[in-house]
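One chain, chain A, links the two complexes that follow: it is found with chain B in the first and with chain C in the second.
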Partner chain A sequence: MKFLHYWRAMWGIIWRECWRFVTQRERFVSALVRPLVWLFIFAAGFRSALGLAISPPYETYILYEVYIVPGLCGMIQLFNGMQSSLSMVYDREMGSMRILLTCPLPRWFLLLSKLLAGTAVSILQVYVFLGIAWCYEIRPPIPGFGWILPALTLSGLMLGALGLLLSSFIKQLENFAGVMNFVIFPMFFMSTALYPLWKIKESSALLYRLAEYNPFSQAVELIRYALYGQFNQTAFVYTLAALIVFMTLAILGYNPSKGMMTRKGGSG
Partner chain B sequence: MNKQVISSVLSLILAASAQAETVFVTLEKDNALALIDPVEGELIKTVEIGQRPRGIVVSPDNKVLYIAVSDDNTVKMIDAETLKEIGTLPSSDDPETFALNPKGDRLYVSNEDDSMVTVIDIAKKKVIKQIKVGVEPEGITVSPDNRWVISASETTNMLHWIDAKTNEIVENTLVDARPRAVTFTADSKFAWATSEMGSTLTIVDANTKQILKRITFEIQGVAKDKVQPVGVVIDKESKLGYVALGPANRVAVVNAQTYEVEKYLLVGQRVWNLAFSPDQKRLYTTNGVSNDISIIDLDSQTVTKSVGVGNFPWGVAVKP
Partner chain C sequence: MKLAFSQIDSRATALSVKDLSFSYGGKKALDHVGFEIQAGECAVLLGPNGAGKSTLFALITRLYDARSGRIELCGFDIKKQTSKALGRLGVVFQQSTLDMDLTVMQNLDYHAALHGMGGKFAKQRIQQELERLNMYERRKEKIRQLNGGHRRRVEIARALLHKPSLLLLDEPTVGLDVPSRQDIVEYVHHLAKDENIAVLWATHLIDEIFPEDKLIILHKGQIEAAGSVAEILQQTGVATIKEAFYALTQGTQE
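This part shows the complex of A and B:
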């Protein structure tokens, strides 16, 4: 009975999030336009910019647009994580978060459900994006589309947890621009999403280290390897560890007695 | 029961390994021959072969490898199983490319510096004739019906049609600048010649010796001067031909019926020569600057793997 109660609550949250995503057609389109602009326009200009070393998981020479696809899958999830955090702030301002958090279920469970909901939406987006990329002749091996699912789940959860953590810090919607400048852009550009590590190393050793330890890089590599039927253990452990850290901090952040809400004067 | 399972698994493995062919690649700078297992995508070994090996051909019975060892001024005969030298052929100076006739008893060698084609009787290991051709002959091929030998001279920009019976030039066809390689369709009706500087592929009718079609290559994002067609092969059914485009790092897939370029496949740097697997399910390319070969799956038309082989891979031949 208790299990059913939990399940109903989780399903309700996931369903609300997916429904909101599908009905907000602009959001659906804009979520796809962003990576597609990168793929069709940005990558086209950098077609041969990658140089010619073969790096795993690739076994032969690839075009830049092939390299960039897993990074763009990561980008979809990164933006989606931030979008979820934005909607959390919105929910808090509108008061629906208060209703959610007063529901007689543990706070961590409600936040986890919120996270799963966001991840499910991002996975949906990634598969649509990969479908379009397939038509653009970017064709990873078919089993890769199955292998990528657990990788996307883990990376989506990690990036969603990061968004959740950030949303516990943001008091008002207006502050979200700061998140864009201070979190999304540095995370995205200082990662292996757009350039391989060896290429970053050529320009700066510091940047190389920063990119290497960027959790977003590890999430992208996890996706990249999975898409080509390989398992990157380091990336898996790193992403999992980052998920645990971000999630713990987010749960603490949303705790009214200890977390950020107290300092901000209530959870809205 | 267990023994039966093990033996059937073993026999399956043996059957699979028996099916796998060996790819031989000459390494111009390493003075060596590389052996590659293309199914596993691994370099098996490298053996010393002589100074500056370039052209390589397998005999029709798959027992002998002929390798032009340019700086030793000879064509070596190598046992394809033991890799021991079993003889040399008098090729004249600086042999680079050569062609074997379908019977496997005549070898036609391009002597670039002397502007000659040397015809060798393999059984007697003797030169039958030296034919004066245009300046810097390079690409050479024999038609599958053994009627024609075509020698392409790089500086004269000509295909010289040599009658295989009389060893005399009977016709010349002017093509675009710096013709490099030439091959026939399986029915011997058409010859395809690549022009390195002209950046074109020329299709010539073997009956009239007239040009049927000139195909140009345009690759998005690649400068035109980098498109330098060299190696060319056509499948047995004459459905598709493949052209190595040198520093463009691409292999062009050309429809042999419509003469449209269907696709460009990204391979290693300065792709030079090409060879089919015996079942024509794969194509192997030598990439001279990136020091590897690329393996192309022809069913899916994708490059599946690139394998490092050694310095300056040049020629490629496949033994079943």
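This part shows the complex of A and C:
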């Protein structure tokens, strides 16, 4: 009976998130436009500027467009994770978060369900993006589309957990611009999404180290290797560890006795 | 599926708050608050703005965690037996908590899922509660299309879906017109009287109080008085609740 309760609640949360995503068409379109602009415009412009040597998992010389596709898959998930965090702040301001948190289930389970719901939405977006990239002649091996699913699930959960963690600290929607400047942009540009690590090393040893230890880099590498049928153990362990750390901190952030909730004050 | 409401006997304590204190940083919001509400009792929590009503509600719903004191819902400690306690609680928050882009039915389906209800049983419960509030015909409309009074009705239906033993209402009539207010006040009193549900109703509107209600007057985080309307009037030596309220809150204006 208890199991059924958990099951229904989890699907209820996932259903609500997916329904909201489907009904917000502009959100779906903008989630796709962003990586497509990078692929069709930015990558096309930089094709000749960035020479890429053969490096795993690629077995031959590749075009820049091919290189950045896994990074753009990561970008979709990064933005989606932050979007989920934004929707959590919105839910809290609008009050619907209260209804979720006052239902008779453990808080960690509710947050995990929220996280799964956000990840499901991001995976859907990535597959649509890969479909468009396929039409643009960027064609990874077909089995890669299957291998990428567990990688996307892990990276999506990790980036979603980061979003959850941030949402427990963000007081108001207005502060979300700060997240863009201080989290999304540094994470994205200081990663292997747009250029390989050895390229960064040529410019700055410090940046190289920061990019190497950036969890987003590891998530992108996990996706990159999986798309070409290979398993990157280091990236897997690192992404998993980041997920555990972010999720633990997010649960603490939403814990009524230890977290931020009680510092926000009440109205009456 | 068995639901909690049928399990509570007519004189059981639905809510017990003992020696509850809470501070935001250094500012004390609640100071040694204690009271009980029995099944079938409608308790009105009366207090001016800033009295600590919303904080008390956040503690009872465990959005905040009480560092000192104890809260029990139907005998279950909110801190140690959180899920069991919350399963017996229905809440209508001051601010609307409905999803505006979903329909009435979708909002209630979501709530039913969170409480582990599914399939025919959930549909049946939703129909029952909406029909009682004359909202079943509007189940396919988006919340955004409803007026304030109807949204509140949906929230009350939602709070009752899982048959709670205790219903919390945090100023549910704020911003509503007189007929909508009247309907809600009467409906909630009917729930307490005829369905044996314990109600804790936070308000600062004195005209929402019925003579048979229990009154809890909260001021600056402390309970100034608690008892039946007659007891409070006798204790303060005045003729009306309004005068009693002002006497107890030392002339605080709303």
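Heads up, the rule we're going with is that the second predicted complex is superposed on the first by the 264 of 268 C-alpha atoms of A that agree within 3 Å, B and C clash if a C-alpha of one lies under 4 Å from a C-alpha of the other, contacts with A are read in each partner's own complex, and residues count from 1 in each chain.
Definition applied: a contact is a pair of C-beta atoms (placed from the backbone, for glycine too) under 8 Å apart; a residue touches a chain by one contact, two chains touch by 3 or more.
Everything numeric in this text was worked out from a predicted model, so none of it was measured.
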item: Touching partner for A:139 - first (chain B), second (chain C), both, neither; value: first
item: Partner chain in contact with A:62 - chain B first, chain C second, else both or neither; value: first
item: Chain B versus chain C as contact partner of A:209, first or second or both or neither; value: neither
item: Greater residue coverage of chain A in the superposed arrangement, chain B or chain C; value: C
item: Chain B contact footprint on chain A (complex, rising order); value: 44, 47-48, 52, 54, 59-63, 139
item: For the chain C and chain A complex, residues of the former touching the latter; value: 1, 24-25, 29, 47, 49-55, 58, 61-65, 67, 82-87, 89, 91, 93-99, 101-102, 106, 109-118, 171, 202
item: Residue ranges of chain B touching chain A (in the complex, touch as defined); value: 41, 220-222, 249, 266-269, 290, 294-295, 302-306
item: Parts of chain A lying in touch with chain C, wherever the complex brings them together; value: 1, 4-6, 8-9, 11-13, 15-16, 19-20, 23-24, 94-96, 98-106, 255-257, 261-263, 265-268
